[in-house]
Amino acid sequence: MNQNIFENEFTDGIHEECGVFGIYDLDGGEVASSIYYGLFALQHRGQESCGIAVSDTKGPKGKVLAYKDMGLVNEVFTPETLDKLNGNIGIGHVRYSTAGSSSRENAQPLVLNYVKGTLGIAHNGNLINAIELRKELEYTGAIFQTTIDSEVIAYHIARERLNCGAVEQAVARAMDKIKGAYSLIVMSPRKLIGARDPYGFKPLCVGKRDNAYVLASETCALDAVGAEFIRDVLPGEIVTINSDGIVSDTSRCNQKISRCIFEYIYFARPDSTFDGVSVYNSRIMAGRLLAKLHPVEADLVVGVPESGNDAALGYSLETDIPYGKAFVKNNYVGRTFIKPKQNQRETSVRIKLNVLKEVVKDKRIIMIDDSIVRGTTSARIVGMLKAAGAKEVHVRISSPPFKYPCYFGTDIPSGDQLIATGHTIEEIRNMIGADSLGYLEVETLPELIDEGMTFCDGCFTGNYPMEPPEDDIRGEYER
Amino acid sequence: MNQNIFENEFTDGIHEECGVFGIYDLDGGEVASSIYYGLFALQHRGQESCGIAVSDTKGPKGKVLAYKDMGLVNEVFTPETLDKLNGNIGIGHVRYSTAGSSSRENAQPLVLNYVKGTLGIAHNGNLINAIELRKELEYTGAIFQTTIDSEVIAYHIARERLNCGAVEQAVARAMDKIKGAYSLIVMSPRKLIGARDPYGFKPLCVGKRDNAYVLASETCALDAVGAEFIRDVLPGEIVTINSDGIVSDTSRCNQKISRCIFEYIYFARPDSTFDGVSVYNSRIMAGRLLAKLHPVEADLVVGVPESGNDAALGYSLETDIPYGKAFVKNNYVGRTFIKPKQNQRETSVRIKLNVLKEVVKDKRIIMIDDSIVRGTTSARIVGMLKAAGAKEVHVRISSPPFKYPCYFGTDIPSGDQLIATGHTIEEIRNMIGADSLGYLEVETLPELIDEGMTFCDGCFTGNYPMEPPEDDIRGEYER
Amino acid sequence: MNQNIFENEFTDGIHEECGVFGIYDLDGGEVASSIYYGLFALQHRGQESCGIAVSDTKGPKGKVLAYKDMGLVNEVFTPETLDKLNGNIGIGHVRYSTAGSSSRENAQPLVLNYVKGTLGIAHNGNLINAIELRKELEYTGAIFQTTIDSEVIAYHIARERLNCGAVEQAVARAMDKIKGAYSLIVMSPRKLIGARDPYGFKPLCVGKRDNAYVLASETCALDAVGAEFIRDVLPGEIVTINSDGIVSDTSRCNQKISRCIFEYIYFARPDSTFDGVSVYNSRIMAGRLLAKLHPVEADLVVGVPESGNDAALGYSLETDIPYGKAFVKNNYVGRTFIKPKQNQRETSVRIKLNVLKEVVKDKRIIMIDDSIVRGTTSARIVGMLKAAGAKEVHVRISSPPFKYPCYFGTDIPSGDQLIATGHTIEEIRNMIGADSLGYLEVETLPELIDEGMTFCDGCFTGNYPMEPPEDDIRGEYER
Amino acid sequence: MNQNIFENEFTDGIHEECGVFGIYDLDGGEVASSIYYGLFALQHRGQESCGIAVSDTKGPKGKVLAYKDMGLVNEVFTPETLDKLNGNIGIGHVRYSTAGSSSRENAQPLVLNYVKGTLGIAHNGNLINAIELRKELEYTGAIFQTTIDSEVIAYHIARERLNCGAVEQAVARAMDKIKGAYSLIVMSPRKLIGARDPYGFKPLCVGKRDNAYVLASETCALDAVGAEFIRDVLPGEIVTINSDGIVSDTSRCNQKISRCIFEYIYFARPDSTFDGVSVYNSRIMAGRLLAKLHPVEADLVVGVPESGNDAALGYSLETDIPYGKAFVKNNYVGRTFIKPKQNQRETSVRIKLNVLKEVVKDKRIIMIDDSIVRGTTSARIVGMLKAAGAKEVHVRISSPPFKYPCYFGTDIPSGDQLIATGHTIEEIRNMIGADSLGYLEVETLPELIDEGMTFCDGCFTGNYPMEPPEDDIRGEYER
């Protein structure tokens, strides 16, 4: 719990997927507990560490109270801690990172002091020129105490601020330097600022509750705190909330938008809506598309819980093959679950997932999952269905095959760890023991969202909206 | 975490709902980790405390290693703790009790020393003559250090053992004294014993993995540890596992069976099977029955997650009204969740459950839940659907109305706290704001299970299979 | 921290040294925090576990609130926990036991329910017929959940209570059955009872603060809570405090008294007074006696901190050889100190104790310690003095040589682990590397206390005030 | 435990008193456990937080493993944590800070990445131009994540390093910028560097164990790890340990030395030696001086434990008035001790300290303490002696009266909180209830140390070795 040993502290933890939340109550009401509930709603975006930082816009300038640690929102915050976090403006963060790179030092929000007082920063995404910028900064004498991009962004804001009249201008100029995916919430003593990269990789939205403005990664967090959805922050836009209300700077909204399509397919909560498209509807549509692309005669459509269920429902709606439940998921298997050792008879998959034998026995099953990464889990699940007596198992995947790494904030590994990179679909089918296997096709992805909406499909096609670094920057520091 | 303050230590905590697990590896293999995974699979039966006790049948007689504490299996056990629990025979327990009565002292298994060495006891159920027996024992000088029935049972086994040649005979004679619901696992230095009360209120089954025998509350725990289901322990039966294998004593199997029907409707995991009936199928059938009893024109059938989903699917299958998802549940809201205060804008229900607005908007919704206790939660959920734009909300409950308390191991409160006791269905409909409301009828309950199977419906009818105590014993000690 | 794994749960932990505290505020004031501070003052008597149990004499009969756990008073209790322990009557306990036998189950006070309601018991001492009594009880069907003598005592009180009009009479009759050393505090719903075994092995005293009566192992605990010392409980006496005040039963005060002389020499805090004799004065006198028995020419008298310092001062006062400080003790080395491994350059002794080189260099040192058990620590300390340049090191021990085990509540091991059992003083001197070595003589022990006071010197002479069990009962259950 | 809420994060915590430790094993041996034991020996210098950072000089450059947290060395480190900290070069830190400013963020060592890889910094002392330097740095775009001086120092090293061929040169140039008191240990991937400010306020010494070099605040830490004392780092000196051995840069050793005299009087452990003078001898001498300056007829000299004991012994040696023990200190009152509330009968002083009544009764007592800050504690202790029957209490203080704040690393508050600032000695005597009161005189302080040694007596005289900041910088950020 208290682990802050960091191996290669300055090397990894770059490819995280996170959630951000911010709130400014213009009437002066306390905001810490709303941040707490907002982070709860965003917990699926990061389960390793979390944090809250608050300030009182009527209090002494620059007094920031913060608390962050490794663990779930549930575990990190107690009523006593929340009660101490007094303030009417605040930001929160939940974080995920790949194993080994997680450390308490890297927990967000980042809180710092600079020439104009204090600054809090919460960031979701991944900069592709972070290493480059760090080196540049180091060559002017900068020191780094974390490995998170937020520290690089903070330095740029701090430096630009020397020549800017307002912090939001410094944020804007910093945005001209940083490249990649970022949804950013910045708290200065008197302002709450939200910014989204011009490509719009990662979501960010604005809500309102009485006289309080809310910024959040997903709309489900607005619902959780009783705020009304106002609009998405535009790709490239900077919104600044101060005591007078909300101001927008859209001068950087000039890029062809490259939404992360995987937010719709997998990351986001189904009750969220991004850029006008319901995540749930996207997934239903993915199931319908799969049904059209890869029809098969069967008795039952089932999803691999939880993420496969919605597409399974879509497949069923499209085909009239009954939707059913084949798996029971153990919801108690949490972070501290002790994994079975090699020589034990139990397996992690079986402990997490059990098959409803009487449902699948003697049935032809269509099993929907959102993706296949290494293939081992899929093989085990197919095996469990067969062992339970399923006559046929037809696997359908509600995304195209992963073939390329993601450099924009998603933990998709490099190609050699992706089953789809080196194998044909038939080979994969064989490896996972399915009777048939069908993926969604890249060409059909536009149907998941609204007409005219553009997105990034780099992990499927290798065509990235901006040049990825020559080397896989995600391993740079590790050499 | 470390709380063992006990208010009215000797008064409450009597009506718990628990899960039990036991294993004896005749080949001498270590069993602690299998108990750990078995308890994981039974975690839904009790989330307050848990424990494991093991012994080595080849080691010095009576050496028992045990560990128990407040918390989830996940939280209580670490790899280091598990590694220390060496033994090839062992039992485990997960416990739930009503608020206030939980205390570390009451965690199970109970481990004790008596005239013949050591004994470990894990118990699920509720004795109706526990108070009476405690008083009798006290009048012979007994002392009690917990408020759990296991201690009463232990005393009886210890006393009977003075005149019995074998511990299983002492268990048998103890069973002649205790009345009520119990599924019991007893570990002596060289034997593992399972017993089920003659009414068969609570489930208990036997499984096998290679040369290891397993006893568990539910079959899903057998699946979790890779054991094969052999059979249910019969109501009234005592099974004894020793180095020679398994022996059965069915001399007490003479009672009309009164299975707890609510295990099928709500308690058990859908992937479990009791007395030959799949829990999942029961719930699908409950939905189908509801559809026949209370049909209504609508656009969508939805379940209140998780427990309402299966019956909703059954309703949909029966009616061809599409099954859908109206709610997203936040799986991260755990034991230590900080509840919103009265004056906060957030509510517990909204934080745990969010409505998929685009799904329910302008739709006529059939909403299935497993039960209504006080009615407040139902009212909030119906309200959320309406606020999201649902045109109509028709509530269907996959059980008959609760009108009477349960004395047999279920936390159903006394009548004055049950909305159905003092109100007509129309009144309840009005109170929860539904457009229509339909319950399952007591007469149709037999259809949930197999022909000829008998069960207890006391909580619906007040007709208990045995005379309940004159006073509500569950409050006896509190006065 | 949460360790309650118990190895040989029913076997060991019999030879503990503990501290007890009780308070009854007749005016109804809260007592939990006074118990907390009282236990603090008694912490030196037991550092493994501690606990507090309270009751409200005006509240519902038998409502007991308790909290206990492994750890120091400091670690176990938080302000929140103390605040919940509401009551005007209560008892507390600190416990020590030999390694391996410590477990959360064995923490005291023992709280239980019996025929007349609730009972809390805190016990310091060791019964020599505990095994025998346990067996007897087991043969009538008793079950044991701990390995502490309190449970045996509790059973006897409970059984006797069936035929007694008052709990103090039951305590009295139980005293007729139990044999050995015990200072006992019992809390019933309306009474606080203190009892001391007829031999008076272990101390127990009565104090008063306004209208509150206090019972404690040592007078230093009275000082800590601002209570005035009234008197010692007499060996064999039972004092009962109820709403009318204090009542005494001295009908069992008929034994030749056998105070544990080691309480004066080592166990007790120097600011405590037992049976009229100041512990500090005893130790000064021990030093003076040593000076007379074993004079030697030297430059400096030093004590091994902390316990050797007082006798060193006595030696200096008697001889006019200057008293000095040769060692600095590291007060931060606590329970969780990580011991150096075999292959490390550091040693536990050196980390705990450092020598003041400039003080001892070229000096002839008289080094006073309270005892030598195995001799290894003494050898290391003498070695450190020599390495720091001491010309001569004359070791003086303020007690006679340990040659026999203690059966009465002190953790003195059996003879084969005692250096003095198999070796002459000259051999020991040689083994620890001292230039000379002198012990106190058994014959002179009476001078440590007042004329006519009698005591137990069994650990030095093997002459026990009552027949010890044939076998070393302390290992009985371990075979 | 997990508290990292920071109030005025960028405002306070500047005036800490700390301990530092560093070790480089040229033979490649593991050093983490030696750092652990070294920090143990320095624990008295800081009890709020501690940390260890290690690196392997043969491993990949810049791989640093670190662990730090709030708490004692005992509490923060477990065997598992220590085992993970692999490396043959490392630094450690213990930290104290005034209440309110403590936070996990401020725990040391500071570990960071900069242009040349990684750097670890541990610092004891206080810069008087830290605020100024922070502002300067901020005006070039620097950001600060802590409020500790180490971060300021780190920035300067990082910037200077851009133009230096070696890290020790960068440290040297940084020393030309920073002003105030500092003993510094810096770890680069291949070097361990120790530096002491030219005034020599704070101690730092070098030791050796086989082929491992050790740096430590006090010699007692060398003893703890079995290292031999080599020499003190000179005021202004930089020592650099690399694979070839140790190199010294004395080019900044040009200042009149201003040792903190309070290290001798109070801070340091008596078994340490600074700049050739034994701390213990200093204190004995302080007692002797007091005896000469303020003689009085009396029966007993006693010290207020622990820090007054040595001077009491000196007073006794000088006067032949017997040395005695009047107080017993409760060693278990630790960090988490629950303080008595206002309305409770217990007081913190009485719980921590008890009087040996039989020792002081009817006696004329000379009571030695090291200092009086606010006077309230002294008043309580004198009161306790009188209540125990002391006829007279003559208080002697082994330092001159505090009248001025300290700006150089000591937590001496500003004048308005110091009893000696606004009152005459006679007034103070009256306020604490003593029969007479005598302080050490500033003029006699040179006698505590060796002839010719110079020191800082600013807290007594207001004459600081360098101009203190105009405003009390220690409160600067708080306004």
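Note that the chains are named A, B, C and D in the order they appear, and that numbering of residues resets to 1 at the start of each chain.
One rule holds in what follows: a residue touches a chain if its C-beta (ideal position, glycine included) is under 8 Å from a C-beta of that chain, and two chains touch if they have at least 3 such contacts.
Computed from a prediction, not measured in an experiment: that's the story for all the values here.
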Relative to subunit A, chain with the most remote C-alpha centre: C
Separation of subunit B from subunit D, taking each centre as the mean of its C-alpha atoms, in whole Å: 59
Separation of mean Cα positions, subunit D and subunit C [Å, integer]: 37
Separation of subunit A from subunit D, taking each centre as the mean of its C-alpha atoms, in whole Å: 47
Residues of subunit C whose C-beta touches two or more other chains: none
Chains touching one another, given as label pairs in label order: A-B, A-D, B-C, C-D
Residue numbers on subunit B that touch subunit A, as the complex places them: 33-34, 36-37, 40-41, 43-44, 47, 72-75, 77-79, 82, 209, 220, 223-226, 269-271, 273, 278, 280-281, 306, 309-310, 313, 317, 322-325, 328, 330-334, 336-338, 340-341, 344-346, 350-351, 354-359
Complex interface listing, subunit D residues touching subunit A: 1-10, 62-69, 76, 81, 84-85, 104, 110-115, 118-119, 134-135, 138-145, 151, 154-155, 158-159, 161-162
